[in-house]
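Below: one structure in structure tokens.
Labels run A, B, C, D and E following the written order; every chain starts at residue 1.
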């Protein structure tokens, strides 16, 4: 079984999700099965995590021919880059089944499909396979928002779907362009992601492909100014969907950049990464400032998530090992912190019957456990040392300072911006005098406390003792960066770099 | 004897058509019996075709028919698609005609005749044979379109189709004449030889003749600006007929289109520039028409234009016959599966007299008939080209083929077009799922349409896993 | 490493464990009826006491070592190791950190004791001690950290606790806003700090990002980067230590319980900036320009805060401004490279300011949360212990000769003069006079004269012993701490400075005896003038004057807060709101909206083209044919 | 001269097209299409004469057959249309549009 | 010389008939004009030595098909007021001509490249019934066969569309 562990992780939930949709199983039955399956995925994930040797290459590889004529394979594997995204998915999904009583059994089925697809997208080592899972990922999201979302769910669904599909289709063209270029340059058809790194790309179409691919990821992440789908979708989606969207799907966008753009488009990256780095920091500030203007706390968290995604993405474009490791670390850190903040927001919404910040107050008095957990997640999201959020943010800022001082300064602004809206929101919701809605606010039950506790503990452990996690990431990041620098910098030297404000620190 | 075997599917369909026609002469035959007959004919032809797949070109009865018909993997696979389309059309028709009472017994005979014409068209290696085959299938389909005589919409569709079809036929005849004048033959092989020997642009008769023939073919595949009829005709025709037209007809015409365009490489190369723009405009015109539609059938018709555009992309970006043919066939099959499924599902969901026609009529379908809605969703996803459906693989191959042929711009535009197409495909999904039901969606029960839908849903996924055979 | 020991980590860990245990206990029990306070009190004291003991152990351990080799380290575990970056969760006990360690644990413990009395009967008693323990743990991490990054953990940790404790009475919006303000302003500083760290790392940190390695590599710093690092780190310090321009949070921070103000906002946390600069003495000393900036910012802050302090009427606000002012002195000291003097002032200040706050706490406690000095008066008779201890504190703060504040402050002013900064010295002397003035203004108004508010006066009484004993202990410290570092002129030999010297890199100018005498004299004169004016005006009862003109301006803090609000906070929030209302829907989303409009209108056009007339369709065909023919005839040979 | 025949054929062909695009009377339109086919036939025969092969004759016969078949259907349609609307205006049939 | 003269006469008649077809308001007049064109064409066929087609054109086209058309026109009894109002059709003629000019020019350019072969009558049975028939049944067997299917379809179609059946509801 364990030689096919990745396939099990992909197809078990995927198949179960589809089957359960068709079979007349009761809602609770589906929930229990879903929980069991997500726990199995988690166990598999842990097994992978433990057995992962961290050598920088793909492990747990499975490769089977699919379309021989074009060199398309069913090819999956895990390396340090995918491991953490994979783990984020594996760890967080069981919570959905544990915590949320959905309105319909189909909701759980969709969740399972989303789980399978997300795992698939992360472990895919073949361009076509990646794309397939990448798109499948969106389908359950589409239905979950559209069927079970808030009042303006349809508009939100249309927006997220069309927006992200537009990006993905552009990526499809880029993927094919890569494979065809590979065929043209080597004479052999292949869609294997790792092989694309050898491509020598230049010219207008290479740039177009780069742009197309970046468009897909920039929308998914989302980078400013492609973020406008996000507040609508995040706030209208059912809480657990938002949780999945922000905690995992957005991260897969970043993962995609690391996996597909950085090693392949070295020259383009070297030349244009600075633009995206600026987009990252602009988004970080713009969305961070936008967050403070929100009245709806789910929207506020949505903007906060977008703001953090800005800095996470920034880490990729700085192209040094600290920033990249920071990004990968932050992927998990942010998944746990902002992810469960969304879950908490869901609890607030459910128990307070409102999403308006002004309707709340004094929740901390009636729900101390809830408030404490919320505070821990919030502080992690603000990047307080001792929580997981700090490690990643620091590494990214460190990398950014090396890359470009101005970018570094702007990135460091996250320290201030993040804390502004979070404290404001915490003050209005948890402190001050209780309102009618919150006077009898129910605290977390023992069960809920137990479910959340591991994540809270994880947040702290990852902040206090991050090295074991970093050790799994770093070799792969190192490998990526070395590859990037050795092939990217000569290309940059030949070209005239884009003139943008650039302060070097090695005067 | 092998020649006979190669011809057998065509003969089965032809003979079946004639038998069905004779059957229609008996007044007291049940319509359903004819339907079963039609299904049997197509199934048999399909099985025989499948069993007789061969590699390499064979001129069927080369002596007797003077090498006017060829049978190779390409034509055989197109044959498979056509017979399968016929089979599923018969299947959904039986359901459809339980709720709509204008069926005539000749319906199935005409379907078979049309399929006969299509098979001939794909195998034709000579212009006038192709012309006659084209007319056979056109005439049969004209009649199928106008089958509901008392319905003024059907008659209008018939008028538009017949008039413009005959008009296009005039172009074909003139084009054939000019090519005959230029090459002193209407055989593809000879024409190809003449073009190869003398150059395309240096032989104006051939060039202009091929222009006129292309116009006729572009009309048949509904390429811009020869597309306008398709929306109205699909709208006016009965649902199963529309499905048949959209799939089998398109497959046959595209197969012939490919054969004609490929009769010499110079011919194709000379037309690439024009076909490029036509393909682009076709994709976008189709999309933009579809966006504004409220009627489902019209939307599907317009989306058919878009898919013609994608198929034209495959024709423009011809890398090698093997590869591009496979891509073309795969896409045709992919498109056929989804479209047939769609029309099949609509055949029984639209109810009596096709009373559910517009998007709004399908509001909340998923709440009442979840399986039907799911099936329609699957077909829509396939048409939209989203994984893991066969439509996605088809589109993937088209794009691979296009970029491989260094038509990267065209591939990019095809992608942009499919972005636009999401709008209207998703609109139906949204309508079905995200609104409350206002209709009970009660329909006459019939085992065939659901069965047919189910098979096609399975096909949508199963074909996606099939590797592309080059 | 031979200097490696294994108990350093325990020093911060003890209070941290205490914090977690108390916090969990409180969290899970508070709604079902809180546990008796004595459990919490007991638990809360374990950590600080153990830490104090361990601190002494470290102190004696160091003392037993050779003077130049007084370094103890402990690498608990590898914290972050990425590429060139290797950071251990490491702790370092050298003379500097041990000195800090000693008074932090000591004063921390005392204030814990005091709080047991002060917080008795409060809601969320357990939470308070959890936070307090957490604070102590964080502060100890800050102090003991072996490198800047670990220090940052403590740095931010104390910031967090500061926030939590300021907004401890969280039902009142103003308290929470004060907490928010503290955290956010601190974060602005932290932003500078982290940027400074990053620059420092890329400049010289790649061979090891701990103080010892950095110190070895400090000579590799280029001037530009070095200056930038110094200034950025100092930005961090201005945040934490409430210097211009980030001082605004500290007065508001008085919203927290008074022991908190004593511990965090007077004795320990706010001095972290000074400690940090002293820690980086090996860098600052290379860049006198940066030092000058630090010194001037410091002394100007001292001046500004002193001005504010003279016109405040809230007893805690006065103390807060005095704290800012004293912190200004400390920065002036470290700015002129007199690190040991700065640290020594930190040390003495910790005693007397903690004492003053606790004394003020006693007063407030006695008067049932009355904080307006104009509503106090004549408490001398009612609260003798408080009165006498406060007097010691005030004398120390005002710089009365023979009290601790005098020695440390005088040392700073002298060294500033000696280092060639007469301006700083001059301002310092003026500020010293002002300090004496506002300190005794407060003192006289509170304890002398007649009671201005009879009702609360009637109920006032000496607080319980658990509160008075800490006062006495601190008073002893405040009075005598100065003798630990007696300069030569008073017959001492600078014990503390010598103790600190292995940790610091300083070379201050030698001013000679006459200069030193001049400085001492000036300080004494300044003290005398200040206290004289105060006595004249308030010595024997006074009525609250009308605030007008400059006094009103100063009472309103030069409107700096309002200015900040108008220039920074309001635009920031306004931008947020306008993004929600306008920028996002109509600006950033414009491309989406335009696309939709474009599609819709094109769709409408194409629908219109589907005219429905068969002849029109035929015309389209002919148009197509015609166009193709037109182009085709161009290519035909 | 053969070219003259072909020019005539083209002229007739174009007149046929013109008839289709300019007339609303269904009958006239169908007859215009017949005219186009006739023009094609003329071209077939002219080329046949040019090449002195008789293939063109056979082709022309085929076209005639097609024309006849189309005519049969066209007339059936005309009758249907007349039944529906009582007139033969192609513009009268514009239910399907947009 | 005579052939040339005849060509021009027939050509003139054919064009005149064609123009008559598209210009005539009533389809009856148009049909008559078309008959004239067809007869003129048959004359041209004869000039092109296409003996069999000459006959077929007269019998099948001018005779059978056109008779049928005329019959239907009369059968439907189309009166003047049934005819569509086509007031703006001159505009369409004009526009159509403009559109068709490039098409016609292109086509004419193409045929102008042909060698100037005189259209003398070819002897030796060229275009005779026997010769064409032999060709039809040997070389062109397949098209001939499938034309039968075409006609069958047309037959069935006409019946389905125009015939009276019980299933019409």
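Note that contacts are C-beta pairs under 8 Å (C-beta built on N, C-alpha and C of every residue); 3 or more make two chains touch, one makes a residue touch a chain.
For clarity, every value in this text was computed on a predicted model and none was experimentally measured.
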Joint neighbours of subunit D and subunit C, given as chain labels: B, E
Minimal step count in the chain contact network, subunit A to subunit D: 2
Most widely separated chain from subunit B, with each centre as the mean of CA atoms: C
D-E compared against A-B, more contacting pairs: D-E
Innermost chain by mean C-alpha position: A
Centroid distance [mean C-alpha coordinates] between subunit E and subunit C, Å: 102
Centre-to-centre distance between subunit E and subunit B (centres being mean Cα positions), rounded to whole Å: 31
Chain centre separation (subunit A, subunit E; CA means) in Å: 70
Approximate Å spacing (C-alpha centroids) for the pair subunit B, subunit D: 26
Multi-partner residues of subunit D (at least 2 other chains): 6, 13, 16-17, 20-24, 29-30, 41, 46, 48, 50, 55-56, 62, 65-66, 69-70, 73, 77, 80, 90-91, 93-98
Sites on subunit B at which at least two other chains make contact: 128, 132, 135, 139, 142-143, 146, 149, 158-160, 163, 167, 171, 178, 181, 204, 207-208, 211, 231-232, 292-293, 423
Residues within subunit E bordering two or more other chains: 95-96, 99-100, 103, 106-107, 109-111, 114, 139-140, 143, 147, 150, 153-154, 157, 161
Touching pairs among all chains present in the structure: A-B, A-C, B-C, B-D, B-E, C-D, C-E, D-E
Subunit B partner contacts - residues on subunit C that touch it in the complex: 599-600, 602-607, 609-610, 612, 614, 616-618, 620-621, 623-625, 628-629, 631-632, 635-637
Subunit B to subunit A touching residues, read off their complex: 326, 371, 374, 381, 386-388, 392, 395-396, 399-400, 403-404, 408, 411-412, 415-416, 418-419, 422-423, 426, 429-430, 433-434, 465, 467-470
Residue ranges of subunit D touching subunit B (in the complex, touch as defined): 6, 9, 13, 16-17, 20, 26, 29-30, 33, 36-37, 39-41, 43-44, 46-48, 50-51, 53, 55-56, 59, 62-63, 65-66, 69-70, 73-74, 77, 80-81, 84-85, 90, 93-98
Of all residues in subunit A, those that touch subunit C in their complex: 159, 163, 224-225, 227-229, 231, 286, 289-295, 320-322, 325-326, 362, 364-366, 368-369, 372, 379, 384-386, 390-391, 394-395, 397-398, 400-402, 405, 408-409, 412-413, 415-416, 419-421, 423-424, 427, 430-433, 443, 464-467, 470-471, 474, 477-478, 505-507
Residue ranges of subunit E in contact with subunit B within the complex: 106-107, 109-111, 113-114, 138-143, 146-147, 149-150, 152-154, 156-157, 159-161, 165-169
